[in-house]
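Chain nomenclature is as follows: A, B and C, assigned in order of appearance, with residue numbering initiated at 1 for each chain independently.
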Amino acid sequence: KTLEDVLKEKGVITEEDYKAVTRSKSLDYKLGEGFVFTSPDEKFRTAIGSSFQIRYAFMDLDNANNTTANKAQDSSRFELRRIKLFFNGYAFTRDLAFKLVLNFANSQNPPTTTGLLEETWMNYRLLDEAQLRFGQDKVQFGRQFITSSTALQFVDLSVVTIAFVPGYDTGLMIHGKIAGGLVNYNVAGYGGLGQNTFRTTSDNAFAARLTVNPFGDVKYSESDVEYSRKPLVSLGADFFRDTVNGSETNNLNFFGSKGWYGIGNPLLSAARRISTGEAIDFNTAGIDAVFKWLGCSAQGEYFIGQADGQTTKNTLRAQGFYTQAGYFVIPKKLEFAARYAYLDPNRDVADDHWIETTGAISWYINDHNLKLVADYTNIHKQKGISFNNGPNATDDRQVRFQAQMVF
Amino acid sequence: KTLEDVLKEKGVITEEDYKAVTRSKSLDYKLGEGFVFTSPDEKFRTAIGSSFQIRYAFMDLDNANNTTANKAQDSSRFELRRIKLFFNGYAFTRDLAFKLVLNFANSQNPPTTTGLLEETWMNYRLLDEAQLRFGQDKVQFGRQFITSSTALQFVDLSVVTIAFVPGYDTGLMIHGKIAGGLVNYNVAGYGGLGQNTFRTTSDNAFAARLTVNPFGDVKYSESDVEYSRKPLVSLGADFFRDTVNGSETNNLNFFGSKGWYGIGNPLLSAARRISTGEAIDFNTAGIDAVFKWLGCSAQGEYFIGQADGQTTKNTLRAQGFYTQAGYFVIPKKLEFAARYAYLDPNRDVADDHWIETTGAISWYINDHNLKLVADYTNIHKQKGISFNNGPNATDDRQVRFQAQMVF
Amino acid sequence: KTLEDVLKEKGVITEEDYKAVTRSKSLDYKLGEGFVFTSPDEKFRTAIGSSFQIRYAFMDLDNANNTTANKAQDSSRFELRRIKLFFNGYAFTRDLAFKLVLNFANSQNPPTTTGLLEETWMNYRLLDEAQLRFGQDKVQFGRQFITSSTALQFVDLSVVTIAFVPGYDTGLMIHGKIAGGLVNYNVAGYGGLGQNTFRTTSDNAFAARLTVNPFGDVKYSESDVEYSRKPLVSLGADFFRDTVNGSETNNLNFFGSKGWYGIGNPLLSAARRISTGEAIDFNTAGIDAVFKWLGCSAQGEYFIGQADGQTTKNTLRAQGFYTQAGYFVIPKKLEFAARYAYLDPNRDVADDHWIETTGAISWYINDHNLKLVADYTNIHKQKGISFNNGPNATDDRQVRFQAQMVF
């Protein structure tokens, strides 16, 4: 019982007073955001929250070559997958919002290069339809990637999302919500080298994304844990282009060892390969759709990418898609879900497909804020990209269990 | 004077109301924990605190070989030893506790591999007697190590504790407090590679610890700064086993340059040595005891460790102990303490003993929360492990001064 | 409207009560410091704030040698320049202050060696005139460097300041404010290796600084955004000496690639150069002056430095100065400013001058707490230090835009 409650009961303050003084509490708590502090003049607000993703994963690698030297090493792994502190709110005016997300799980041994900062921006709202964001953000490419990692349907992102998205980057974005969210758009220029990595050349990146939500705004959150009474549909399309010097330090997802470029380019013969030193033009595009109704949800996304070496004139082309669906057998609590993900990192060579089939069971104790997720994945790699690169395709099996808390 | 005080004085609210509204303040401060925030529905609580250990240390190295090339380099060192932010509380229910500790002093030049995260877990209490903890924690091995580094009797841990404990690790622990703390137990599985380091193989570690407190629960805190009116006794025993691939990246204390394995294994002849590439089984055990009464305190701990190379079948055996005692000449304020620590990193070779004798004087301004500690240590290393490895034993002398603040 | 307001209006509490209960709010907000939490007994206070400096910079390098191999690479760079969380307040008593500043922009790709911690100290005030500070702080050398990076007149520090200051270091400082700030002094011993870098030798550093403020205390803040009604003048002088082993890991500004020693020493012929392995004595000194009145401000600083190799007896001498002035064409809102900076990293060789001429325009939306700054710089480097070291001098042109928010 608060002091305000007591005073209202005693009639010291009126119902109206009560509403006025409790309307904007200087200290409050909001699910999914954490403790919320508001300045007396209401010009400043900061929410401080935290999220933990703690995981156990067992990976049973397929020993296609099981001589001692070539034996694949299974792994039994406890992991602090994502440990974040996040600060969000507004400052000076409600129209000037900020966000600061720190992921301390990026401080690991051996060291990673991603840095601790994730979203780190200020956003000025002129109108809902016209807003300006300056700083580091998720590059708005790939619906699943844009979705918070705490609002996924499975233990983690699909292999295809990881392979195609650029990741985080620093830049300037114009974005807006039209007709109350029926249409959302954003157009942005970025440095072009990824998370916490800043340009030393004059090449930059460009990204644009458009979503249409015919039945009203659909937020970026997987699973229909809300048990939507009316059907929700969202359609999206995005485009990203960038020029990267092959030898430039970068943190671009698609460029690295799990990216379509990182996997696909080495598969080309030496003569047709894009070389390490040259400048490379990247063009990628994607389309996506989501549907939610009465605890049912379905989502799919298709990506296409092309890399062109400026010096060698060599080209790499890739594509991939995933599709996933879930159903709550106990509404808002217990969900079963399945996903099929297909990645072709190099469309011009054979035997390089990567196919993941995943089944998940999730117990949502408090929406996405407190949940336990377990999933099983069969990872099929054709022989060109399998363990030790052949001679056979491999089927690795992965079991993951994750406890997630957003508080 | 708070508003609640004024309203009670004026009789606007009753004594009962006063108690009700102040019982759980939304914003409070708790010594040793920091500012405490509670959500209006009392389902969420977070305390945000901080600790500083700022140190000056002078090390006078014994120049057993003082040619220019072999001259030991004394050091005069100002140091940010431990600079932490800690978040602890509960979320969704009082039974779901969490802890998050960030040590920013780990971000140094030259870079360390430990990472910033220390304790990072969620803990579910089914009963006091049966609790489940998932995440990164201190491996519950070594009473002194389990004790907070802000609740030590000397400036830092004993050399023996550092040499034998695994350190932090990520895993799953079952633990409980039986009969109000007369017996405490924990049993855990860990990744097995130490702080912020996650497995890429399927080897894991196991740890168990049991403490018996015949006169009631004894918290992990050195010195009798509380001036216990009745005697307190605690007895403990712990066991840890792990398999580490010699070439695997790890952050295990006992494996590194200050660990019994790191010091002891190179002392063996090449033929008897455990090799870098092989898998190694580690078994370590310890027993410990503590006594506190009227400002007096005494504590001791004995460790034994064995490493077995799976390929070479070579074995390394080590042991060590420390014993320390303190007395408050001014109760709760001024304490004198002494410690003797003995490490034999390799029981099968001669001349490798490391013996530290330390005397400390501490001024507790506000318990362990605000204190100044100075200590002097004689570091005797037999010639096998002395500076430049012989030909003589060395006696280094170290003076340390530390200001500590927990707030 | 707060509960206190309502109760005062209704006459439930008196004007006096109102003042008493609102005097020290447990939760408050303070511009430039963030949310302020005070414990019920008022013995503990912590303010948690944040600052963002988000920047876009275009660098047009002068292609004095524009063959393909020697072509200077222009850069178009979005950057998270400084992203900080800061905690400051007092603990246990108002006389024991602390500060903790974390700069997460230091966690970048490629990794930097500076570490995350900036100011990290406790400060005990015996008297205003005699205070003791222990921990890491800005070495009190160089007025512009001592000034918060959020209170500068341009987008960033002058090239001369960066070249001459040591940076942050850990140590013990005695300081005080005499006659209400007419004179301020500080004398300190530091480790001597810079930010988050701790000594492994017994060499240490010494620094002293004195300021005289004839018309009253002048805080460290550039621009006369306050529109001072009466003229403000401050004069300062500082001295720093240090011994660094050339091969010792350090984070000293003057030693690195942008420091006078780092630039100047390689310009000497091999025989006269200070060698990498030897111990080097550094002595630097500076004088500075600032004037502010009715929106006008002017500031200047002159530095001199000398390095002496202990083994080779070789010597390097450097000097530099900057002078800058600004005027608010719209008081407190819109300012124009200009700066001239001159660096001679080696007084004993010719053709090594570095001259930067900068013009800035700043829009102070809320003092230094929310402002937009744009500046243009001509960077003239004589041929000895120009791109590819000659054969010609180069004039690089740099445009920077920065949004800054302190909240």
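Quick note on the criterion: contacts are C-beta pairs under 8 Å (C-beta built on N, C-alpha and C of every residue); 3 or more make two chains touch, one makes a residue touch a chain.
From a predicted model like this one, the values you see are computed outputs, not experimental measurements.
J.: Given that chain B and chain C are copies and touch, would you call their interface same or different according to whether over half of its residue numbers are shared?
T.: different
J.: Give me the rotation angle that lays the C-alpha atoms of chain A onto its copy chain B, rounded to the nearest 5 degrees.
T.: The best-fit rotation has an angle of 120 degrees.
J.: How many angstrom lie between the centres of chain B and chain C, each centre taken as the mean Cα position?
T.: Once rounded, the distance between the two centres reads 37 Å.
J.: Which chain C residues touch at least two other chains?
T.: 3, 7, 12, 27, 107, 111, 116
J.: For the complex, give me every residue of chain A touching chain B.
T.: 1-3, 5-7, 10, 12, 25, 27-29, 34-35, 50, 52, 54, 56, 58, 73-80, 83, 85, 104-105, 107-111, 116, 365-366, 369-370, 403, 405, 407
J.: Provide the residue numbers of chain B that touch chain A in the complex, in ascending order.
T.: 3-4, 7, 12-13, 17, 20-21, 26-27, 37, 39-41, 44, 46, 87, 91-92, 96, 98, 100, 102, 106-107, 111, 113-117, 120-122, 134-136, 169-172, 189-191, 194-204, 249-251
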